[in-house]
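Here you go, one structure.
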Amino acid sequence: MVYLTRVEHFNAAHRLHNPDWSAEQNDAVFGKCANANWHGHNFELFVTIKGQPDPQTGFIFDAKKLSAIVRERIVDKVDHRNLNLDVPFMQGKLCSIENFVIAIWKELEPALPAQVSLHCLKLIETPRIYVEYYGE
Amino acid sequence: MVYLTRVEHFNAAHRLHNPDWSAEQNDAVFGKCANANWHGHNFELFVTIKGQPDPQTGFIFDAKKLSAIVRERIVDKVDHRNLNLDVPFMQGKLCSIENFVIAIWKELEPALPAQVSLHCLKLIETPRIYVEYYGE
Amino acid sequence: MVYLTRVEHFNAAHRLHNPDWSAEQNDAVFGKCANANWHGHNFELFVTIKGQPDPQTGFIFDAKKLSAIVRERIVDKVDHRNLNLDVPFMQGKLCSIENFVIAIWKELEPALPAQVSLHCLKLIETPRIYVEYYGE
Amino acid sequence: MVYLTRVEHFNAAHRLHNPDWSAEQNDAVFGKCANANWHGHNFELFVTIKGQPDPQTGFIFDAKKLSAIVRERIVDKVDHRNLNLDVPFMQGKLCSIENFVIAIWKELEPALPAQVSLHCLKLIETPRIYVEYYGE
Amino acid sequence: MVYLTRVEHFNAAHRLHNPDWSAEQNDAVFGKCANANWHGHNFELFVTIKGQPDPQTGFIFDAKKLSAIVRERIVDKVDHRNLNLDVPFMQGKLCSIENFVIAIWKELEPALPAQVSLHCLKLIETPRIYVEYYGE
Amino acid sequence: MVYLTRVEHFNAAHRLHNPDWSAEQNDAVFGKCANANWHGHNFELFVTIKGQPDPQTGFIFDAKKLSAIVRERIVDKVDHRNLNLDVPFMQGKLCSIENFVIAIWKELEPALPAQVSLHCLKLIETPRIYVEYYGE
């Protein structure tokens, strides 16, 4: 079993905001991340799949095809967008990176071919903060 | 003459938008950077000053004090903000990184002490795009 | 279960030295790392916690609060210090990064709130050497 | 149990090529990676071992000795070489990074001392593609 | 005057070889860089242009268009290629990074639009070696 | 004229301390950098030379030979040392990075061969602080 990771980049705006709370409560909990006019990040998404190398190609899966799937399913929907307003799969969700990485998993996992399985998503939000998710 | 660089980090939302143009014209020129709901970045700001080392301290200027000035004058005004809507010194300007780095220079240069001069600002917008400005 | 990592930076002096050995034996085993006048490093500490996102905040734990705990419990005690001489929780221990990361775990783990658990500490000593510890 | 990682660098030429296929079939599957005149990479190899810190040294294993083993067994055989033509342990294998990392494991694992075990190899091929292998 | 830098990535095989010398002489001067079966690198090319921001766009030049020019003129001709054998603009030249960066300048400079000028090319060959060229 | 940069790594202990001042004055000016028991850093030294490519080699100067000179003249004298106590060329100097980079220039410049000249030294002390020196 070999693990293959492909890294993709996108940038987006978002804010942390609980619609059930007052503005004061949002500010108290989320601080400047609750800014009504949004803020944003350069995100790096690490997609790790696992599988057996194919004897004909040496690949567990072609990294270029993996990139194409991640771009079609995720990057094209979030790059240069507002995660709270523009991204269908984040509607109705609190836009933390924890919830975002789980939502990305749900979008991406069904799109992968049968010979590999999605092992881990790592999502870097700032040079000092990132999350990882293993699907459960 | 020694050059000292201090790096500061912030993240912000912005969009590229010329108010004299139609939405179609903005889209044609700026593409997804014109997204009406904003996008954002992790910015890295490199502030380079030059001067002679002080015989008493070995410093051209204390890097901690330089950091405090950059934070007070720049980072506190732009971090987790919308550059188009929330930042007084960007009002009425097209929010490109070229215009942004020039505007930062104008805010920062008068705040530096007489014994050093501001040499260069480098502003990284994405891992593949940055600008530099030398004040003229 | 989502894993959240916060990265903190500090720099410190240390040396590798076994007090039960002669200077020659220390030199033979530890080489230039045994230098009597110390050497030092910029350390990067990656603190990874795991937990369930809170439905009210989307957080498994606020990364800013995690940073504050790591700074209070660890960074403030080791930054710009001599690990052998100045750090209470390293007293009587051979100051390798293996022993250091275990000692950091013991200081940090009890300070975390009940809703999360400490998953991994990663401590980078040089661009080419790092350790990881999972608590057992 | 502590995990210690040492990073080594090398650069090499290679190509992806299945000798059972026509040139057209190789081009169709491997694209520009099949270029008959080769291409190349700067590789970063992360070698992670695990073990208990020795009470006398604080080390699970001396990182300098680990580096020496990796250089002798791997780096000296692949650095500034053609992986397809010059490397004995890649002969007869399709030269993907998946097959390469498995072959490195087989070369390196028997050379490690009994007090540690090889935990993981991570091999970075480009800034956006890497593989990991845990020995099974 | 603002300086804008766009970074592009490619990887390629090459060797250092002076055809006027014997194999022994090539080995003596170039060492393992003369390997007859080639070696290779991941290259990073930093293209820095300078100009005045356009009042209508805030750009000195659209970074996406700059990227397209660099890809068409340079990256498409060198990526996954053998610099000695496959690249027309390196024919008959000793394939050092010094000669390579000068040759890239000659290919790229005429392709830039009149409103900007090419300021600097920086070409990273390994994490520890790079060259810069300013056109004269 | 081409500029060639070679990067070297070392780590060392130091402190900021003016012997003409009281401990209180040193603390007031240098803060935790004055810690009597030292602190330390991983330093990265970027050595940039300039010259014309030699028609026989394509080199302005062999990067391996440049590395050997920098290691012999600088790295071997400072790596795993105490800059204040162990380094002859820092004796009697306030150990700031400004003074350190000037002292490195004086050691290194006379050791370079006539066909190149030393253009710039860049010394990174932390991920957020570095100095550059051009010899005057």
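Labels A, B, C, D, E and F are assigned to the chains in the order they are written; within every chain, residues are numbered from 1.
Throughout what follows, a contact is a pair of C-beta atoms (placed from the backbone, for glycine too) under 8 Å apart; a residue touches a chain by one contact, two chains touch by 3 or more.
Source: prediction; values computed, not measured.
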* Looking at CA centres, what chain is most distant from chain C? -> E
* Asked: If you take the mean of the Cα atoms for each chain, which one ends up farthest from chain F?
  -> A
* Please compute the C-alpha centroid of chain A, do the same for chain E, then give the distance between them in whole Å. => 34
* **Distance between the centres, which are taken as Cα means, of chain E and chain B, whole angstrom** => 29
* Asked: Hey, what residues on chain F touch two or more of the other chains?
  -> 127
* To do: Can you identify all of the chain pairs that touch?
  => A-B, A-C, A-D, B-E, B-F, C-D, C-F, D-E, E-F
* Structure fact -> Within their complex, chain D touches chain E through residues 9, 11-14, 32-33, 35, 37-42, 79-82, 85-86, 126-127
* Structure fact -> Interface with chain E, chain F side, in the complex: residues 1-8, 48, 53, 55-60, 62-64, 67
* Asked: In their complex, what parts of chain E are in touch with chain F?
  -> 16, 18, 20, 29-31, 93-96, 98-99, 101-102, 127-134, 136
